[in-house]
Every structure is written in structure tokens, then in C-alpha cells.
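Structures given as C-alpha cells follow.
Here subunit A shows up in two complexes: once beside subunit B, once beside subunit C.
And now, the complex of A and B:
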């Protein structure tokens, strides 16, 4: 088995449909809103709430698969001298967590009335897990990607509460707990691995910022009242994010949204 | 209630544990080092394979089992300093080149159409060998002096047998045709040859020495590091 596994080779069964990230971003159906306007916070009052929630649930599902695959590759791709044993243990633990999230997401999707393959899958989450530097990979996955997961799960948890759906809010709350743990792992490892290498830490944080900007989907994730995915400040703080970092993510998302308006849904 | 001042044995009447065991501290540590090595190689491989298998149930099972073996490796890592090995990495190694060759062959398949080959290697060849070696260690070591190893072996064997069963059930559900039966059998035979050459996960003597033949002397093995 090769070290380093490209996103285009990710193995899926016949139900899945792969879309190129650029096609997803350029899909005209995702561009009907003018700059500075978004679909709005996910609430039961939105006319398309049921469809949007199912689409987001499917996006979570494929995101969990890719997070599982990314953590697994980190376990395999790096030799012991590149990645300490304790880091690999954390990544193995993350594999189990993401496998569980995949199972939860399948069942939640069925509960919400969607099915595997109803929406297309892009591989840009996994692509963040392909960096050849373990520190950059960990920062991209465990701080940017898993940070996004915190925001998404908190949004869905609140949506479940607002809908009076105890199954949805219960499951999202459990997954949220795991994601806080994963982000904290990323924060801790970033600090430990770059303790004596500030230049590498800076590179890692810059990579995280690039990934975070991508994951903000031009304001789809942000702090504006009408951002469909809300930035979860409290849980991010628990996971080791500083207020300045969260401010930067919020500011970047807002600036980006003013540029071209909402485009890409999760998935 | 019995008289609280009456003397009692430190061993309850039903506690039949015995002091003698086959392993010295050094022998137990040597084996534990090999166990740590194979658990590490296995959890790495399972993690790597997750992205390569299209079957969703296999994908999530490999993710779960990956952590089980990582945890086993961690338990063995922690046990080594307690067995007077202050540089655990010295003992965390394959017992011989033959086991390294086995692991290289085990982890070689990558294609999305090779799930049977991947699972056969883990669940029909390696897992039974691990269960056998761990069970032997459990039976052979001193039940009192090596109790911390025995406790870890109990947790690990519980995982191993559960995971083995799950892996075997996955295989039975994937193998549907005569050709697939043949593929699985071929793969199993290829890897059995390699692990047999290695002598098992702890090298020759993974399951102890062969019992003495009738013509050999009847020297006791108690206390010997076999």
C-alpha cells in the first residue's frame, strides 16, 4: 500500500456520486444570491428547512467518511520519526470516533428522510488531509476541518432543539463532544510539535487559515445572523482556540462573503 | 459473622492461582516488545486501508479496529518499563526478518477490489496467531508475579476475539463465488507460509517449545524462559 493516497482514489460503493469541488462551487444553482446575501440561518421557519437540513446531514455524513479516511492515512503515511507514537494513537482514536460518526450520520440521515448518495460528494475535506507535513496536515484537519465540524454540529444541535427533534439534538450533542476533543488534540499537537520551530508553526497556522477560508464557503459559515452555519465560539474556546483566532476566522468569512455571496453548501 | 480477629489465608479458598511461571522478567519483556511491534504495524495498516475499501461496513469496522490495536500497542508500551526495560524502543521490534516479510506482504494490497485479500490477511491469518500467542502467554506466565501483563492480556484477548469474529463475518458476507473462495484460500496460504516461517508473532516459541518426545529426558521446564 502506498504512502500518501490521492483524493481521486477514495473508494466508494455504487451509490456515491463524486463531484469536482470546482464544479460544485461553480454550480449556477448555488449562485442565485447576490453578494453579501446568504440563504439564512438554518431554522425551522425557513421554507426550505427540511431540504437544507437533509442536505447538510448528507454533507456531514460524507465529511465523516473523509475525516475517518484522513485520520487513517495519518496513522499509515508517516514513519515513527515523522510522527510520534502518541500522535498516531490520537489519530487511531479519531478513526474510531469518525467511524462512529459515520454510523450515527447514516442513521440520522434515514431519520431525516435522506439516503446515501442522494447528494453529490466533493472531496475537499479529505484534500486537507493530504499535506505531506504531519504538522500542517494535523492543523488543516484537526483545527480547520474539525473546527468546522464543531460549528456544523452546534448548528444542527440548535436546529434539532428548535424543531423539537430530540434524536437530532441528542446525536449532534454527542458528536460535538468528540469534535471538541479532536480540535483540542490538534491544538495540543501543534503546540508540542512546533515548540522549538516557530517558523513551522507559522506555516501551519497559515495553512490552517487558507483551509479555514475555504471552509467558510464565502460566508456560509460565519457569525452573521443569516449565516447558515454559525461560528461556535464557546466550543472553539474549549478546544484551544484563542479569541484572536476566532475573530480572524469570523472576519475572513465576513470579508469573503461580501466579495461574492454564498455559493457552496456543505458536501 | 466470622470472628474478625481470626487469621485468614491471603488467598480465598477459590483462588487457585499459582506462583511458578515459565517466563522470567526478561522473557516476558521480550515477548511484550514483539507484541507492541505487531500491534503497531496492524493499527497503521488498518488506518491506511480505510480509504481504500469501498464497502461502508468494512470501512467503519477497520476504523474501529484500528483504535483497538493502537490501544493494545499503548498497553504494551506502558508495560515495558515496568519490566525493567527503560528503553522500550530497544525491544519494540519484529522477532525476526521473516515476520517483517510477513507484515510487508500483509500490508501490500491497496486496490479497491482487494478487500477480501486485506481481510483474509488480518482476520484469517494474523488474528488467530495473535490470539494463540496471547493465550499461551496467559497460560504460561506466573499468575501472581506477572499479573499486570495478565490483566492487559485479558482486555486485549477480549478485543481480539470480538474483532476476529467481526472480521470473519465480514469475510463470509463478502465471499460469494467459487472464485472468491479460491482467492481467499490462496491469500491465506501465501501468508500462512510467511508467518509459519517467522514462528508466530513472537518468533519461534510463540506457543512455547514443542513438548519433549517420549525418548527425550523428562527435565522440568518450570522456571525456564521458553
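And now, the complex of A and C:
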């Protein structure tokens, strides 16, 4: 089995359709979206609340598949001298969580009236899991991607609570607990693997910052009142993020939201 | 039914005004829009969002549609015929209701509450599903209805009454939703 699997070759059945991330950034309609024009925080008050929640839930579903694929690749791609066996054991345990999350997400999609593959899938989450350096990959997957998962799950959990959806809020709460564990694993392994190599740790954190900026989608994820995905500070702290790190993600998202271009409209 | 589409050509999205007009005429005939009614469909191709609403003034109807409402969710900037049929079926059934004096006098679209929108949409799409012989997204409409009317057995019964309903008036819709 080959190592370092490219995103283009990920297996999907006929229900899925892949969209290129570049096409979204190059969408000519972006020029007509003024800076700050976003669909707004995901709350039941939004006129398109149901559609936006279904679309976000489908994004979570494909995100879970890609997180499973990313963690699975880490188990396989690195020899024991590159990544300790205990780290790969943690990634294997994460694979089990992500597989379960995928099944939960399929059922949540059915609950919300969404079909598998109803919305296009972009592979940018998995692309963050392709770095050949295991430490950088760990920060890409377990801190940037799974950190985003914390924010998204908390947003959906709060949405479920606000609209009185007992199934959505319950499932998101349980999955959120797993995501905190995944980020905590990333934080712990980053510290251990770079304990005597501050330069490598710095490179890993810089890589994470680049990925986090991409995952903020020009303010789609942030702390602005109209950011559909809100930064979940409390849960990020529980997962080992320092306040300074969270401040940086928030500041980068805010700065990026003023730039022109794709801002992931929902609805 | 006389249909015009604005703009007559699209440059940002791969939509065809002639095809939209033909679909609207087909759906309008299916749901019973009278022949003498003029329908203007204004598509905002600049918007990737999906808001759609209608205004009825005498025998003239204006449907204002953000481009995202007609867009294929799997293919960026591409037209979805199935999706457009559902949007048009939902809006044109509401036009038919508004043109029927027996239906009663619902508020203008802009003045409807979100709960009223969800209820009338369920009634409209339920009829369209039976008339066109399509599934029409009952599951997603039920979810949208629950968000506005509660996650309860009573709300589900109300949704079923609307989805399977026929010959309802505006007063009936409001009564069904007074859970």
C-alpha cells in the first residue's frame, strides 16, 4: 500500500461530488460580496436556519470521513522511528472515534432530511493531513482540523439547544467531547515530540497557523457576531490551547474577514 | 401564464433565461396558475444565497429569487432543474392561493412570520409532490417546520396535516399551526 495518499485519489461512491477549493475562491460572484457580508451566526432566527444547519451538518459528515482518512494515513505513513508507536496507537483510537462520528453524522443527516452527497465535498480538510513531517501533520490534523471541529460541534450543539432539537444537541455534545480529546492528544504529542527541538515546534505552530487561517474561511469561523461558526474558547482551553493561541486565531480570522474573496456563504 | 425572466442572459452563473421561463410555464400549468397571469422572475445572479419570495399585484406576479436558490448544491454556479422546479412549485402554489378569494387574505410575503412561511411552504410542497409525482424533500421540510413549530408529536401531526392537505384556507393553516 502506497504512502502519502493524494486527496484526488480518496475513494468515494457515486453519491459524492468533489468541488475544487480553488473554484470557490475564484467564484466571480465573490466580487459582489462586500467585506463582512456573511450569512450570520447560525441561530434559529436566521430565515435559512434549516438549510444552513443541514449544509453545515453535511460538511461535518464529509469532514469526519476526511479526519478518519487523515488519522488513518498517519498510522500507516510513518515508520516507528518517525512517529512513536504510542502516537500511532492514539491515531488508531481516533480513527475509531471518527468512524463512529461518520455513522452518527449520516443518521443526523437523515434526521434533518439530508441525503448523503447532497452537497459538494471539498478536500481541503484532508489536504491539511498530507504533510510529510509527522509533527506538522499532527498539528494540521489534531490541532487545526480538530480545533475547527470543536468550534463547529459547539456551534451545532448550541443551535440544537436553541431550537429545541434534542437529537442534534445530544449527538453534537457527545462528539464534541471526543474532539476535545483529539485536540488534547495533538497538543500533548506536539509538546513531547518537539521537547528538544524548539525550531521544529516553531515550524509546526507556524504550519498550524497557516492552516487555521485557511480554516477560518475569511471570518466564516471567528468571534464576530455574524460569523456562522463561533470560536469555542472554553472547549479549546480544555483541549490544551493557550489563550494567546486562541487570540491569534481570532485576530487572524478578523483580519482575513476584511479581505475580498470567498467567504463560504451558507444558505 | 405569461413568463418573463430578468436578466435575459447570465454571465456569472451557468443559467439560461429561456430554460427558466420554460420551467416556470411548465410548473405554473401543473399547479394551476391562470393563463392571464403575468409572472416576472427576477434572478439575482450575483447572490449565492437562496432567498426566494413573491409579490402578487392584481394579475401580475413578481418572483424575486437569489441565484443560489436555482443552483445545484453539488455543482458550483450550475443550474439545477429539479431544484428550480421545487422553488417554482412552492412559490407558484402560493401565488395560486393568493389569487383564490376563497383562500383568504394572508399577509404579504415580507410580513409573514418564519413560522407562517414554514407552514405555507409545507402545504405548497406537499401539493406539488403529489401533483408532480416527486418526493419534494419532505424530510428537510419537516425539519424546517420543527425548527419553527417545535420538536414534538403535535408539531409533526400539524406538519402531516399540511403536507397531505388539500383545499385548505389561510385560516386552516393558522389553525393547524396553533399547537
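One rule holds in what follows: the second predicted complex is superposed on the first by the 255 of 267 C-alpha atoms of A that agree within 3 Å, B and C clash if a C-alpha of one lies under 4 Å from a C-alpha of the other, contacts with A are read in each partner's own complex, and residues count from 1 in each chain.
Note that in this section a contact is a pair of C-beta atoms (placed from the backbone, for glycine too) under 8 Å apart; a residue touches a chain by one contact, two chains touch by 3 or more.
The shown structure was predicted, so the numbers you read here are calculated from the model rather than taken from an experiment.
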Item to complete: Please tell me, clash or fit, for subunit B and subunit C sharing subunit A in the overlay.
Response: fit
Worksheet item: Does the superposition put A:23 against subunit B (first), subunit C (second), both, or neither?
Response: second
Discussion item. Looking at A:50 after the superposition, I want to know if it touches subunit B, subunit C, both of them or none. Which is it: first, second, both, neither?
Written reply: second
Discussion item. Which partner chains sit in contact with A:75 here, subunit B, subunit C, both or neither? Use first/second/both/neither.
Written reply: first
Worksheet item: So, does A:179 touch the first partner subunit B, the second partner subunit C, both, or neither?
Response: neither
Worksheet item: For the combined three-chain view, what is the angle at the C-alpha centre of subunit A formed with the C-alpha centres of subunit B and subunit C, to the nearest 10°?
Response: 120
Discussion item. Let me test your reading of the model: by the given contact rule, A:165 touches which partner, first (subunit B), second (subunit C), both or neither?
Written reply: second
Worksheet item: Who does A:113 touch here: subunit B (first), subunit C (second), both, or neither?
Response: second
Discussion item. Between subunit B and subunit C, once the two complexes are placed on the common chain, what is the minimum CA to CA distance in Å?
Written reply: 19
Fill in: Contacts on subunit A seen with subunit B and repeated with subunit C across the two complexes
none
Worksheet entry | subunit B to subunit A touching residues, read off their complex | 40, 43-56, 59-64, 66-71, 73-74, 77, 107-110, 112
Worksheet item: So in the complex, which bits of subunit C are touching subunit A?
Response: 12-13, 45-51, 67-68, 73-77, 114, 117, 137-144, 146-148, 150-151
Fill in: Sites on subunit A touched by subunit B in the complex
1-2, 5, 9-13, 65, 68-69, 71-77, 85, 88-89, 91-93, 95-96, 98-100, 102-103, 106, 116, 126
Worksheet item: Which residues of subunit A touch subunit C in their complex?
Response: 17, 19, 23-24, 27-29, 32-33, 39, 44, 47-51, 53-55, 110-114, 117-120, 163-167, 265, 267
